[in-house]
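In what follows, a structure is listed as structure tokens, so that the remarks can point back to it.
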Amino acid sequence: VVETTGEYSAYRERLYEHRRAGDAEALPVDPAELERAAAAVLSDVASAHVFGGAGGGETIRANREAFQRVRLVPRFLRDVSAIRLGRRVLGDELPAPLLLAPIGGQALVHADGERASARAAAALGIPVIASTRSSATPEQIAEAAGAGPRWFQLYWPADDGILASFVGRVERAGYSAIVLTVDCFTQGWRPLEIDLAGPLEVQGVGSEIFLSDPAFRSMLARPPEEDREAAGQLYRRARSHPALSWDDLGRLRELSSLPLVVKGILHPDDAREAVARGAAAVVCSNHGGRQVDGAIASLEALPAIVDAVGGSVPVLLDGGVRSGSDVVKALALGAAAVLLGRPFLYGLALAGEEGVDHVLRCLLGDLELTLALCGIASVAELDGRILSP
Amino acid sequence: VVETTGEYSAYRERLYEHRRAGDAEALPVDPAELERAAAAVLSDVASAHVFGGAGGGETIRANREAFQRVRLVPRFLRDVSAIRLGRRVLGDELPAPLLLAPIGGQALVHADGERASARAAAALGIPVIASTRSSATPEQIAEAAGAGPRWFQLYWPADDGILASFVGRVERAGYSAIVLTVDCFTQGWRPLEIDLAGPLEVQGVGSEIFLSDPAFRSMLARPPEEDREAAGQLYRRARSHPALSWDDLGRLRELSSLPLVVKGILHPDDAREAVARGAAAVVCSNHGGRQVDGAIASLEALPAIVDAVGGSVPVLLDGGVRSGSDVVKALALGAAAVLLGRPFLYGLALAGEEGVDHVLRCLLGDLELTLALCGIASVAELDGRILSP
Amino acid sequence: VVETTGEYSAYRERLYEHRRAGDAEALPVDPAELERAAAAVLSDVASAHVFGGAGGGETIRANREAFQRVRLVPRFLRDVSAIRLGRRVLGDELPAPLLLAPIGGQALVHADGERASARAAAALGIPVIASTRSSATPEQIAEAAGAGPRWFQLYWPADDGILASFVGRVERAGYSAIVLTVDCFTQGWRPLEIDLAGPLEVQGVGSEIFLSDPAFRSMLARPPEEDREAAGQLYRRARSHPALSWDDLGRLRELSSLPLVVKGILHPDDAREAVARGAAAVVCSNHGGRQVDGAIASLEALPAIVDAVGGSVPVLLDGGVRSGSDVVKALALGAAAVLLGRPFLYGLALAGEEGVDHVLRCLLGDLELTLALCGIASVAELDGRILSP
Amino acid sequence: VVETTGEYSAYRERLYEHRRAGDAEALPVDPAELERAAAAVLSDVASAHVFGGAGGGETIRANREAFQRVRLVPRFLRDVSAIRLGRRVLGDELPAPLLLAPIGGQALVHADGERASARAAAALGIPVIASTRSSATPEQIAEAAGAGPRWFQLYWPADDGILASFVGRVERAGYSAIVLTVDCFTQGWRPLEIDLAGPLEVQGVGSEIFLSDPAFRSMLARPPEEDREAAGQLYRRARSHPALSWDDLGRLRELSSLPLVVKGILHPDDAREAVARGAAAVVCSNHGGRQVDGAIASLEALPAIVDAVGGSVPVLLDGGVRSGSDVVKALALGAAAVLLGRPFLYGLALAGEEGVDHVLRCLLGDLELTLALCGIASVAELDGRILSP
């Protein structure tokens, strides 16, 4: 019975109890309130990192407006006493069509950083996608995730030795997919970030995977701990590869048998190309509006991409997801699953692992109830028929 | 002559007199002002109950925006010296195409709760739709309504004995229709409600019909007054039935010869199904935006539903009605009548029965004048020709 | 040369001089600033009268938004050294395609009321349309207008003797057209007006034409000055005629040979009917959004009406005009001239006759410059080619 | 490598360093913040000059909204390690598709006025378009620009002798094109400017080219320094020519062999006419929304103009450009280059030459990064395929 015993919506009962008990410390459920609360505790530097977008923020707004334009037409008097959110993606049985988006530098947001979010996700069986720019090494994140599913997000380094080393490390650390981000070989023009902060490396976070890497260290005359200047210079040269092209993908596939996910796809031709080059999945994403101001909303780009790959590989959607309805809409438009970005940082900012847990449970509870109230008993049933024409 | 002697617009003359007399206590006429005034007197718990919507409130806004997009094209120099608002719905001769929407827990809003709103509606001959989650029993509401028309809104309980008992009670109490709500077998995800309050049962209201029910009480070892814990547990098990399906409707029709209205319809296929299953009317509604955030606006869903039932049964419209123009628009789009929801709660909050009376008289006066000023002498003449193409 | 010697844009030079001279009392040119300044000096009662609209104000907003949606495509390198704004309407040679809209009760806005606005309009040769509900008699307004053109706006009284008397009076007072308003036989539902004020008669203004009328006075046992109660009752019975229909128009045409203008037309069929009944012109108007909330914007209704009358009579546009561009847009969509409403009240509120003069000169200067900058040397050249498709 | 060594995006590295160094005086990068900061330091007179628009500012808003409606669809995994922004326009090799728009009276904004902006532009090789209404003579601006490219914007004076003198002077001062502005032979109706300031000549700036001109001076009995009144009168007569028509263009072409650019084109027929009359380029512009309120957005007018000239001459776009994305959008819609207007004034207001340099470098850095992140290695590759359909 959904009413009180749904796996995820049961969390609401716990929240009711907290309110009854007068718990003044309770984290907000309202997403806008959660965002405001997080903004109030973040430093300027962390604010720029979390909220910063490209240019005037048009694409950040576009991501949300695209969701708001889509309307659901719920159906009723169907048996929804048991809701199935589970979805198989790239061989992983996910408890819900949801992953944690890769976000670097989480130490700016909370002292426990990526480890806290990885623990929270793992406890729910939600895959964490560890960023190359994490403020922890992939091994540390893997240890935090324990038995939980984990994917690794790759910024392709300029040096092949380092690339090979990274790939080997994430394989050994139990990551089950490599998510190659193609839309951020350089930061977009982010006025807020420049005005308030400077990017991650200015803050001294986000290079942990390099500093801990044997191949990287072998390229230095002295260990980074002893010569930070030289390490920083090498890091800035090595961290990205703007000349990367489709032809390079073959090399990565030779380095690893892990499924390759290409993240940052907005054009159907790029989706087709990714599939032709062996991608096991693509992520339709505009990097949360952080790269090209004025870029198409990811939800708006989704249908043509789904159409282009024609079911050959799953398409994931990233950007603007805030609620259960948003997940339903993305799936109805053809996404296999969605990535949750900024909201989990709000939880992290406010209460570390517990905050991320809260945000995830709220989203899952919302999703479970919204599906039930749409007359959909399983995410497998979701398609365009639930949308207003 | 409409000018001063119209049945309902005459109320405006009384309001003028109040102003002339300098009555500082006068209730606002302006709907936005009325809402603000009500918000100012409601407790947090009542605010969450009255204003709370699903998720980010997109569907609450969509309900209003759908009305705002529709434009009327008034006609003139027609004889509108006598305006007829009356409409026959399910055998009841209504003085206007208007009913009070079923809303539970009105004791949170005003001490007199449902009895006050029932008395106000009855005085005008407007049907009240008593909610299963009322903070009064159906018998108490019937007594308050006196000779006034009344319908009963049913949340189908999980136990058939309780269902049969409910149906018998409302028949004996003089209700003339059963409105089965299909879109709220569980609460939607309502952040404001969770953050501020918790649902009705957390507040200890809304279960009066259960606690007073012989079938319910017979299932308890001890009377609820003596063992609140056990009663609460049984209530939470019994109050809803998420596995309910279209096939179950036959049982309800066997239990009662009262006309069955299905409320919560948004898809034309569900409307057709309801008619095929013997519904005497359907209510196009998204539960005031409280259940699925992102659900289609009810006014937007209306035309396809009207088209689907093809005149076989009346279609009622619920959600977003605030003014006489809104009623005209809904009827022009094919609704037989509309349900008024939140606005009457604002009146109730401010002044109990008198406040509901004020809100109803304002709406009826506005409707009467708007019809006259559209060149329409009777609601029976309203159709799509009054709308801008 | 438009630059400095255009007939109307020369006013700008005077304004520059005022600013140079540091005149702190200068009236604002910016329309929004003018509105704010006026709002600050108006009493509550006058505010309700000036700003009040039907319901939630949707049609007031719609009137403005309709103008904002239309875009002009200026042309250049045409000889616009002499701009001709003049237009012949109903036999009057107007200096510009502009008339003062009929607005009653101007004594609430400024002590000099209608006489001030009539004097300001007359000085520029702009026709004033005196309202039946004026706070001055038609004779007083005519005297103020002197040699200036004047039309009379008629609310058709319920008594034929009074009607005949009114018509005779305005003929004798030199009015050259009768503008029959068909959309306000009763006030619309205006929350702000009810909440703050009550209508004109509650304020004791607007019945001057009745109280001074021989036919009206002859129906009273004692003069109104001695028995205000009886006069008030008769006034409320006599002032309007909600049963009026198209068939009645013949009687008015028999009473007077003055051209008959029908004001309040929104539907093309009503425009056709008016022409068939002998109207010499129609005014496309929704009464400034004061009557039916949700009514179509008058500018939006205009093209179909222009199309319906097919050039047989001029179509005037009323509602939402604020700037020279607005006049250009209305004329490009087929209006012969426009009526200016609320803005002249702002000038009246701030500085009486001088304020109305300021508002009119600003609008004419703006219009003259805008036409020149669109490459249009004469209003006669304006048509749809200036509009963005 | 774009990451750190792109010609223009390298400026971001310098900004990071400033932030790291805690430079509290740093100019904002965020365009909205920059605008606010400039507004805070400008006098009322300068504010009216910089921010003033025609009427209610609808076209100022329309210019921005037109950019916001266009969406980019970035492509990835293309080699963008070297970005080429250079473009050849009218024989000049521009380092980027960007020119400084002609804006007069810059002395109101900063004591160094046009000389500061000319120096900043010249340092980057960006052409400055010197306005006829500059608060410096063309010779002074040329001297400031040094070896930098410069075009001259012409308001055609009413006297042919002065015209010939102007043309000769700008040829001798090394200007390489004449930009004839056709949309401002008289100021538009600008409420803010009238209310706060009056136009340039009221401020005593903008007539420097006249006062320094031999032909102009020869028409005066006494030098302007000795008889300001007579000089002012002659200036007001001579400064513009509202009767100018297409036929006059031949005379200008006979006076000079410099390429003629026609600025202020919004209609495709005017674009065709300009080309037929020998224009070497046209500028699609609505004068930054300062002339006709309600005029079409320049970006919206662009495609039809590009289509009309069919590649025979370059089309430049002016109005609303604020970011790198805006430049990409304009070029994708067919513009050969864009003019940057108000933003450089913000920089000028805040820090003179250094401020203009900052604004230009930010825009170029943003453009370089945005192109790279769109997968476009050269502006020559930009076309409609980058736009969302």
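Chains here go by letter, A, B, C and D, matching the order in which they are written, and residues are numbered from 1 within each.
We take it that a contact is a pair of C-beta atoms (placed from the backbone, for glycine too) under 8 Å apart; a residue touches a chain by one contact, two chains touch by 3 or more.
Here the structure is a predicted model, which is why all the values come from computation and not from measurement.
Touching chain A and chain D at once is no chain at all. Copies chain A and chain B of the same chain sequence form an interface built mainly from non-equivalent positions, shared numbers / all numbers used being under half. Chain centres here are Cα averages; for chain B and chain D they lie 60 Å apart. Averaged C-alpha coordinates give centres for chain B and chain C that are 42 Å from one another.
Of all residues in chain A, none touches two or more other chains.
Of all residues in chain B, those touching chain C in their complex are 1-4, 9, 12, 15-16, 19-20, 26, 28-33, 67-68, 70-81, 322-326, 328-329, 362, 365-366, 369-370, 372-374, 388.
Interface of chain B with chain A (complex): residues 54-56, 58, 62, 158, 182-183, 185-189, 191-192, 194-199, 202, 236, 239-240, 242-246, 248-249, 264-267, 269-270, 273, 286, 291-297, 300-301.
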